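First chain A sits with chain B, and in the next complex the same chain sits with chain C.
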Partner chain A sequence: MERDAVPGEMLATRGRGFGHRYLPFAYPALVITAAVIVFPWLFTVYMSLHDWKIGQDREFVGLANFVRLAKDVRFLESIGHTLYFTALAVVLPLVFGTAAALVFNERFPLRGLFRAVFILPMMATPVAVALVWTMMFHPQLGVLNYLLSTVGLPPQLWVYSPGTVIPSLVMVEVWHWTPLVMLIVLGGLAAAPTEPYDSAKIDGANGWQIFRHITLPLIMPFLLVAAVIRTIDALKAFDTIFVITGGGPGTASETINIFLYLQAFSFYNIGYASAVTIVFFVIIVALAVVLLWLRQKAKWS
Partner chain B sequence: MVMSVSLRRFARKLAFGFAVFVIVSPAILVILWMLSLALKNEVDNMAYPPVFVPSTFNFQNFFDVIERNRLDLYFLNSILVSGFATLVAIAVGVPAAYGIAKAQAHKLAVLTLIARITPALSYLIPLYILFQWIGLTGTIWPIAITHLVITLPIFIYVMIGFFESLPQELEEAALIDGCTLWQAFRHVALPLARPGIVVGGILSIIFSWNNFVFAAILGGRQTRTLPVAVFNMLTFEQVAWGPLAAAALLVTLPVLVLTLLIQKEIVGGLTAGGVKGG
Partner chain C sequence: MKSISFSRRGFVKAAALGTLAAPMLNIKSVYSQSGAFNWKKFSGQSIEVSLTLSPRGELLRRHEREFTELTGIKVGSEIVPEQQHRQQAVIQFNSGNPQFDVITISWHVQKRLFGKSKWLVDMKPLLADRALTAPDYDFSDFTAGGLRWAVQGDGRMDTLPLNIDPWMIYWNKELFAAKGLAFPKTFEEILMAAEKLTDKASGQYGWVSRGLKNANVPVWTSFMIGHDMDPVNPKTVQLQTTTPEAVAAAEYYKKLNKDFAPPGTVGFNWNESQTSFSQGKIGMWLDGIGFAPPLEDPTKSRVVGKVGYGIMPSGPKARHSATFGDGIGIPVASKKKEAAYLYTQWATSKLMCARLLQSGGGSPCRGSSYSDKDVIAGLKLPREWLTCLQESTAIGRPGLPEISPVTEFRDVFGVGLTNTIGGADARAELVKATEAFAPVLQKSEA
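Let's look at the complex of A and B:
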């Protein structure tokens, strides 16, 4: 997205007017994209306007599905769960990822190996990871409660209690996706100029002052990119939640995505589920736009 | 004075080493715990306080889990799905990325962005119905085709960045010498793009391999992929922790080993676009 801008502008002065000759190269991909991305979108809009259960007749109902959604308490609660989960699953990886990036920006022996180990969680298969965490969360035999007991803390119910289920799932999400934030911020640190640091050292600034007044402003654009990506991914989080709790206990961890899954593939209300899809997409785009707007604002000031 | 300076430097090094240790330990501990669960017998796995190092290394879990759950079949399915989705992504993605980079048609690249933003489940409802209509349900094709939603955007995104970083002069010389656009692409740009294709292809394979939700909905008894098979062990059968952890490890081990082996390339590809599947 952003990084395309600079080389793109350089090319533009050279090849404007001839660029369209290259478009046929993209046609096969466009056909596939149309089939697996555009068609589903149009069809979703069509379905959302119908009362449609798999295996039954469909009936055009206009916006009735959306009206029903606005009054569906379970759906409204799922929006709350999603926002709670997302807020934590964006902020915590940003904090930890930045700290890790500051460390990996230093030169030290075996840095490449340690960095590879650090990014293993984001490459690992989510279902496999979720299985291991499920066993770790076990209230009687789980290793997490054992670790708590070694430091004198009382055992927790983790994902088995409505009060702690979402923070527990956030823990898995933070473990899983902090590496992605680290990589983005590390890219920002690598691109940062060295002069401000030299003069700050001469002025006798301490570590925190240097971070607060030099490093943080320099990496701010990258942090905002990471925030956008994290927001989109956290809103869409599915695999680990589905495997570990399936939305439970009760509906305590039912996010929009889980609600969508249950409507579509457990209850087969595909008309209703399509309406959920559209509302969900609007929420994702709206939050992404807000963050991008914040980014523009940060640029101007 | 000299003494205290070197002492302070030593203390700082020690603190830094400790920071590195703290930062990588969550990743290491969870993976080691998976390994430990997979290698322990049931007595050790059900012990409290937990046993960390197995009393006997027990590879039986792996054999049991492969045999009882037909993991060999699902392994093959996973390879077919990821392989197909990645090969198609390469075949159409390389020229597409080249065309988009050359024509600066970044509006077309927005399509890949939409694919990145849209929740996977929203493709699944319409495609599920479509595959029912054309009678492909029950075969491996619906899974392989829908995995293009994962592989194609990742691959195109990595390749656009790669083609834009290549020097223009060689192709321009080829065009002046009378090559067609296709020949300039085929004989000049394509050979130069090989490292990018490898990185993009590997990332496509990994994220397709890891994907759960497409095969969970579209896969049948014969056609499910490894992550789905492992998930089903959790829900439909009362399986002990050892075999379950062994299955989880079998699914994710190839990815972890690959990441460690070519970490530099993977990090480069990932930073290129902040890509992620699903």
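Let's look at the complex of A and C:
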């Protein structure tokens, strides 16, 4: 009984002056947030309004950097590459991850061992993974073309051709991140009730119908969480692309991140790169809004 | 601290004595006996050295303990891959507080930027200071080619010459012999040989060179200087990248890499080219001479003993080998300049230059490295390599323009060149790249 009284007392003492007395505890966090998030953000905006190149004088140019971006074919193409890469790198792991989760949800011998093996890729360092794949992609010496040759297929150019570079890079992403989706969906399947399945069997539903009308709606919220995580990861993908192709051949796999990196750290165009950052920020916010909207919609249904 | 000071009278006396003694004594030993120069003078200090991941950087690190034994100066060295090293350096210098006392730089990429920004100490006053310069340093031993790179347009010399890397053609003698071919003497003969050596059905190709954007630009300029044309006019600093010579060089580049090189060259840098060549199915490989050692290493290569080291053949108008190079310098902001200067002397000493040559990891800028029989006897690569190196250096011509935005230049034109391998029109790509790059160059020179 006395325990119930404790929250009440706290509420009572909270009322007046609570904020004043406890605010100092929030100061360290506020200061750090201001220093590492708010200030850099505002400074980026400031830089984006200048023609600023390391080693040269800076000059205020207003929105000229943004106007230049709007006309920069290479930048516009990089947006396209980013969206293409992201779409594939989100959808494919979702499909394969869900399939894998369905398999691992069944009972079969040595399930634990296979599960552990399946999630191994996730533990590897991205740069190391990228280096290994670079060797595997090599058109003459790589193991992938060797494998193709053993089944009688012609060798492919993989990341060495503008046409196949992005799907090949997505392959690495899929290999690397499907296990994550599998884990999330597996959690969803474990939490699903069994009754709907029993009644569906009584009604004579086949496997596909059960998946489509029972399993999928039940794991939908989990799939959306996985989609959000994958989208964030795919948008910021940098290490694998940079190590494997550096944005090439030519500019065929140059995503916004690679373009940004080149402008900032290879060409030292700080002002222009800041403008890219801001545009990228807007794109990410827009995508986040779409995903949140989808999530809301899933809740209603 | 005891400071050394001379009175004028004392100086005159010493000079008179020196003049008298000169015929009898070795001047150098007078200095070493006088105690004016002393390797141990800055004993106890510690310096930071920033190096690149290359045979040059690794050689310096491997022997740095000897420097500490010689001078009592502790060395902390950091080795960073070339591209990242360049970026790090610019950012650190721009912050005004670089974290190193010695740095190696690539002249062909960084010379102009560093010179304009005056980030490095002028070496000339230091070299003239006999209290700081080892008597046996022998500055006159440096080759004219090396010194030309090291000296800036305004006459400052902000680095000491470390290495010059001329480009040449590695060729597979066995494949050439099988077709009854000799090493080409002209650009045209390269094309003919490449065509005869290419047999796609058996996976054999006549040619390989860099197709990866940015990395591929020196391949194109190697051909352009054979037309007696530089990508940027050194006097007027105007782009010459749409001239008929530039276009011809790009078309030639396209032809070789598209028709006679293995599939996938669009993504090849030197290391992929090297791997391909070392497998024994490539006729010719154009690249820097410093990449030879792994080709002669039986654990890494199938072409040991079969590699020919060919000097760049003649172009339609001239015969040149594209050259690149590195120097070593001291940041103006360093607080231990004297200790750092001792390190740069040691790094460019006769001993270290000889070691560099013997390992095949580069070509030092000292004449003595090539004339000393003991040095030559210790060479780990075939004599033919050395001959090629010397003759290539003799016909050397800078492979990249001396401008600040070199990286952007390489990227923009590199993309165009990569596109040509995919089939794009060489002239159109060059026009596009020139339009994109011209404003950047103009602004950097303003």
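Quick note on the criterion: the second predicted complex is superposed on the first by the 259 of 301 C-alpha atoms of A that agree within 3 Å, B and C clash if a C-alpha of one lies under 4 Å from a C-alpha of the other, contacts with A are read in each partner's own complex, and residues count from 1 in each chain.
Just so we're on the same page, a residue touches a chain if its C-beta (ideal position, glycine included) is under 8 Å from a C-beta of that chain, and two chains touch if they have at least 3 such contacts.
A quick note: this is a predicted structure, and the numbers were derived from the prediction, not measured.
S.K.: Answer with first, second, both or neither: which of chain B and chain C does A:239 touch in the superposed model?
M.R.: first
S.K.: Which partner chains sit in contact with A:273 here, chain B, chain C, both or neither? Use first/second/both/neither.
M.R.: After superposing on A, A:273 lies in contact with chain B but is clear of chain C.
S.K.: Does the superposition put A:140 against chain B (first), chain C (second), both, or neither?
M.R.: After superposing on A, A:140 lies in contact with both chain B and chain C.
S.K.: Look at A:219 in the shared chain and tell me whether it touches chain B only, chain C only, both, or neither; answer first, second, both or neither.
M.R.: neither
S.K.: Who contacts more of chain A, chain B or chain C?
M.R.: Chain A has more residues touched by B than by the other partner.
S.K.: Examine A:33 and indicate which partner it touches, taking first as chain B and second as chain C; both and neither are also allowed.
M.R.: It touches chain B, and chain C stays clear.
S.K.: Looking at A:265 after the superposition, I want to know if it touches chain B, chain C, both of them or none. Which is it: first, second, both, neither?
M.R.: In the superposition, A:265 touches chain B and chain C alike.
S.K.: Going by the contact definition given at the top, which residues of chain A touch chain B in one complex and chain C in the other?
M.R.: After superposing on chain A, chain A residues 54, 140-141, 265 contact both chain B and chain C.
S.K.: Write out the stretch or stretches of chain A touching chain B in their complex.
M.R.: 1, 3-4, 7-8, 11-12, 14-15, 19-26, 28-30, 32-33, 36-37, 39-41, 43-44, 47, 54, 99-100, 103, 106, 108, 112-129, 131-136, 140-141, 143, 146, 175, 179-180, 183-184, 186-187, 225-226, 229, 232-233, 235-236, 238-239, 242-243, 257, 260-261, 264-265, 270, 273-274, 277, 280-281, 284-285, 288
S.K.: Given the complex with chain A, which residues does chain B contribute to the contact?
M.R.: 16-17, 19-20, 23-24, 26-28, 30-31, 33-34, 37, 46, 48-50, 88, 91-93, 95-96, 98-100, 102-106, 108-109, 111, 113-130, 145-146, 148-149, 152, 156, 160-161, 164-165, 168, 181, 185, 206, 209-210, 212-213, 217, 226-228, 230-231, 234, 241, 244-245, 247-249, 251-252, 255-256, 259-260, 263-264, 266-267, 270-274, 276, 278
S.K.: Of all residues in chain C, which touch chain A in the complex?
M.R.: Going by the criterion above, the answer is residues 83, 87, 90-91, 94, 113, 116-117, 203, 211-214, 262-267, 272, 275-276, 279, 281, 404-405, 407-408, 411, 415, 418-419, 421-422, 440, 443-444.
S.K.: Would you pull the chain A residues touching chain C in the complex into a rising list?
M.R.: Touch residues, chain A against chain C: 53-56, 138-141, 155, 157-162, 245-251, 262, 265-268.
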